[in-house]
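Note that the chains take the letters A, B, C and D in the order they are written out, and that residue 1 is the start of every chain.
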C-alpha cells in the first residue's frame, strides 16, 4: 500500500474531522500518503481529490462538521457511477479507501468493495443505529447537545408549570431519545421501536400531577411521531396544553465531546491499520470497548436494539 | 418601610433569580423584611406570599427560570382582580413591591400604582423591547444561547453547502435577531421593524454564491415571518432549497451570562434603594451604563429602535 | 427490607446527585423508604439522617457536587467510629446502605460490611481508578471539563507560538490525563503509570518544531509530576520556555454530562435492586456496558490499567 | 487610500479574529485592499505581510486567538525598529494600519503615528484597562469563562463546606475580578485598586460562618496578590483552611461571546471608516454604546476606574 483515501458521506456528525485526522496521521505515521475525497461519493465520481498532510489536519480535531464536506449522490446509485468512482480511485493510485458515514454510506462502500476495491467503513452518525459497533462517532455529542437544550427547557417548564414535548433526531431509531430521556429525567419517552399508547401517557401525566409535580417533559424521536402531532393528540384527547420544541439540526453540529474525539481517533487509526493488514469490506467498531471488525453488510442487515435496562429506567426514575 | 415584596411576571428570563436575590439581600441589608409572591399577579390576587431570607436566595444567582414562578393572569385584567391584589398586599403588611417582567407586566404594575401602592418595575425579558433601559435582564443570555445554536448550524451548513434559515424569538422586536445576525456573521436578517424584500434577499443569495460562498445563513425574528414561510417563498420563487431551524423555548432558559447576572444584581439592588427613597411608579433601567428611573408608562408608550449601525454591519460584513 | 440509606464520601464528583436520585427513586418505586446521610461517614457516626422523598431529589439530576455533602472522617478510621456508625444505622431502622465514592470510601464500606451491615458501593470519582468497573461516575464530565479548558489554551498557544503544560487531576492514576491527551491531540503525556523521560520529551519537541509545528501541548497528571516542576526541567535542560496551567478543582464541578447522568442513574438503580436481592459487600459497576457486581475489596486490591491502545494513539496522532 | 493593513499585538483576546474580519470585510466593501501583518510589530519590522480576502476571513468570527498571531517585540522599542516598520509599510504600499491590542500596543502605534504613518487603534484585551472605551474586545468572554469556572468551584465548595480562593487575570486592574465577583455572588474581592485588609476579610468570613453559610468564595486579581499568598495569610493569621485555584490562561481563549463578536465587528468596521475619513493617531472605542474616537495617548495616560456601584454590590449582596 502506498496511498490511502478518506471520504465522509451521509449526514455530518461531530467527530468526523477527528476521524479524518486520525486516518491521515496514521497513514503518514505508517509511511503512506493520504488523500481526501471531497463531497462523499459525488466527489469520488468526479475525482475531487485533495492531498492531505500532517498539517492540513492540524487543529481540526475539535471542529464540527467535516472539512471534506458531504453530499448525497444519486449517480453513485447507478452501476455507471460506481464504475466511474472505481476508475477514479485506480487512476489516482489509491490503494485503500476509508468511508466515514452511516449504514447508507456502507451500502455504497459495499458496492466498491464488490468491484474489488479495498474499502473500510468507519461508523460516523449521530443516530447510533449501526449494528457491529457499540458506539458511533457523533452520538455522544448529539446527546449532550440535546441534553443541554432540554436542561434549558426544564428551567422554563418549571417556572411556568408547563408540559414540554421535545422532538429529537432519530428517523429509524430511538437511541438519542432514550439516552436524553434517562439523562434528563424525562417523564415519558416515545421511540419508533415501541408502540405508542396515548392512554398510558395520559395516565402517567395524570399520576405525575396528582403527586404534585407541576411540570413534565416528554422526549419524542422524530421517527416515532412529530412533537406537534403529539401535542395535538394530547390537546384533543385530554385537554393538556403542551409546549413543543423541535431541536433539529443543532444536534448535528458542534465540537465533539471527549468521548467522540477519542472514539473517532481510535476508529480512524484502527481503520488504517486494518487496511494495511489487508482487511477489506469491513467496518471498524467498538465491542465492549475493544476495537473490532464486522462485515459491512452487518451494519444494515442487523438491527441494533435499545437497552431494556435504560427503557425501564425512564419509567422507574421519573416517578 | 418595613416589608418589600417581589414577583416575576410574563415570560421567564435568565437572570430573574439573580434579580430576586438582589431584591431580597438588599432589603435585608437595609433592615427590611423580604417577601416573595408566587406565580406573578395570579399569586398576588390569591395572597401566595412566602418569606424570603438571606439563605432562601443562596445559590439561585446562576439558576435559570424563576423560583417564584410566573403565570398569566386573566383576573388581574379586571378591576376586581387589581383591588384584590391591593388588599392582599396591604393585608400582608407590605410597603413596596418590585415587579420583574416586561412591558406587559408593567401595565399591571401601573394599575397597582394608580391605586396608590408603591411599586417599582425591573425589566426582565429576553426580548429587550422595553424603552427606558438600554438592556433588559435575560437578553444577553438569550442572544448567546441562540448564537451557540447558530454556530452548530454553521458546521452542518458548511459541510453540506446548505442554506439555513434560523428563527429566533422576538414577537414585536428584532433585537435578538439583529444581535445574533451580527455576532454570527449571518448573510441576511429579517425583522419586524423593517420591510422584507424577497427580491433583495434573492439578489444577495445569488451574489453570495457567485463569489464562491457555498453556504448561507438567514436569521428571522418570529414576529416578522416564520422560518418555514420564508423557506416556502424561497423555494417557490427562486428554487432555493433551505433548511429550517426554530430555536424556540431554549432561548428562555439556562444560567445567566455574567452580563445578565451583574445587570440583574444591579437592578434588583437599585430597585430596593429607590423604593426606600420613595420612588414609585417607575422602572429601573440602565442608560449609558448608569442606573436610571423612568415612569412605568414609558416602557410601553415609547418604541425602542434597532441600532442603524448594527443593521448596516449585517450588510457590510457578510460580503 | 424497609429502609435504604445513601451517603456520598471522598472527593465530590459530577453525577453523585444523579446517583442519589436514582437510589431514592428506585427505593420508593420498590416501596422502600429512603434516607440520606449527611457528610459521609462523619455524618453517619453522628446520626445525621434526613428523610428523602420523590420530590426532595427532584431537579438534582443535573446539579454538580452532592446535596448530601461529603467530608473526610478520621473517627471512622477507628474501631469505635465504625461501631458507632453501625449503631446509628441500626437505631434508625436502616436495612441497607449505598455508599457513593472511590476506593478509599469502599475501605470504609468494607468495615461496616464486616460488622454485618448490608452495604453496597457505587463508584463515584472523577479519577476512574477503581477496579471492577469500566467507568466511574464523574470521569466523563471531568475529562470534558479539562478538554474544554485545553481547547481554550490551544487558541492562545497557537496565537503566541507557545509550549503549554497542563496539569490535570489524578494523584494515583493517569486516566484523565490520557483521555484528555487523546481528545485534545496533545503532543506529549506524562502519567504516574509510566516512567518519564526528559530526553524523549525534548526529542519530541524538537521534532515537532522541525516539522513546522509552532505550538505544543503537554498533559501531565498531578500524580506524576507538577506542571511547574516539568517547566523548570524543560527550561534548565533544553531552554524551552513553557507556560503552565493547573486546572485544579474545576475538574470536580459542573453539571454531569449525559454519559455520567445515565451511568449514575443506572448504578443507583442497580444498587438498590441488588440490595433487595440480598447482595452485600459488593460494588456495582459496568463491564462491557452491562451492570455487574464485584467484591468491594477488588476495588482497591486490583490495579486498573491504562489502555495501551490509547497510549499509542497519543504518540501516533500527534506527529 | 488603497490598502489597509491590520495587526494584532500583545496578549491575545477572544474576538480579535472577529475584529480582523471586520477590518478586512469593511475595507473590501469600501473597495480597498486588505493586508494582514503576522506576529504584531515583530512581523511588521520583518515585512511579514499576507493578503487578506473576503474568504480568508470566512469562518474566523467565532475562533479564539488570532489568525495573525501576536508576539512581543523588543526591536520595536528601538528607534531603528520603528523606522524599519515604517519603511516596510511604505514599501508594501499600505496607506493605513489598524492595530488591535492593549495600551502597550498603542504606545507602539503612537510611535508610528508620530513618524507620520496613519494608524488607528482597536482596543483588544481581556483586562478592560484601557481608557477611552467603555469596553475592550475579549473582556466579556474572559469574564464569562472565569464565571463558568467559578460556578464549578461553587459545587465542590458547597459539597465540602470549603473556602475557595480564585485568582483571576488582571495585572494592573481588577475589572475581571470585580465583574466575576458580582456575577458569582462571591463573598470577598481583592483588587489592585483597593487596599487589602486581612482583618476585614477575617471579620467577613467570621460573620458568614456565624450566619450559617458553610462555604465562601474569594476572588483575587493577580495584580493584587497571588491566591496562594492569600491562603498562607489566612492560614497563619486565622487558621482558615482555604483551597486555591488559579484560572490562568484559559481566560484568554475560547470563542467570543455574542457581546465580544458584536463589539469587535463594530470596532473593526468603524476603524476602517475612520481611516478613510482621515482620522489617525486615535483609538476607536465605545462610549455609552456609541462609537467614539480618542487620542491614542489617552489609553495609557488616563486611568480607568472600577465602578463604585459594583464594588458596593459585592459587599451588599454577599450577606
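Note that in this section contacts are C-beta pairs under 8 Å (C-beta built on N, C-alpha and C of every residue); 3 or more make two chains touch, one makes a residue touch a chain.
In this text the structure is predicted, and so the values were computed from the model without any measurement.
Comparing mean CA positions across the assembly, the chain most remote from subunit C is B. Centres computed as Cα averages put subunit A at a distance of 35 Å from subunit B. With centres taken as mean Cα positions, subunit D sits 39 Å from subunit A.
Chain centres here are Cα averages; for subunit A and subunit C they lie 28 Å apart. Shared interface positions of subunit A, defined as residues touching 2 or more other chains, are 151, 154, 158.
In terms of which chains touch, the assembly is arranged as a closed ring, every chain touching its two neighbours and no others.
Every pair of chains meeting the touch criterion is listed here: A-B, A-C, B-D, C-D. Taken in their complex, subunit C has these residues touching subunit A: 21-22, 25-26, 28-29, 54-55, 58-59, 61-62, 134, 140, 143-144, 147, 151, 154, 158, 179-180, 182-185, 211-213, 255, 257-259, 261-262, 265-266, 269, 288-289, 291, 309-310, 313, 316-319.
By the touch criterion given at the top, residues 8, 11-12, 14, 16, 63-66, 69-71, 145, 149, 151-156, 158-161, 164, 243-246, 248-250, 252-254 of subunit D touch subunit C in their complex.
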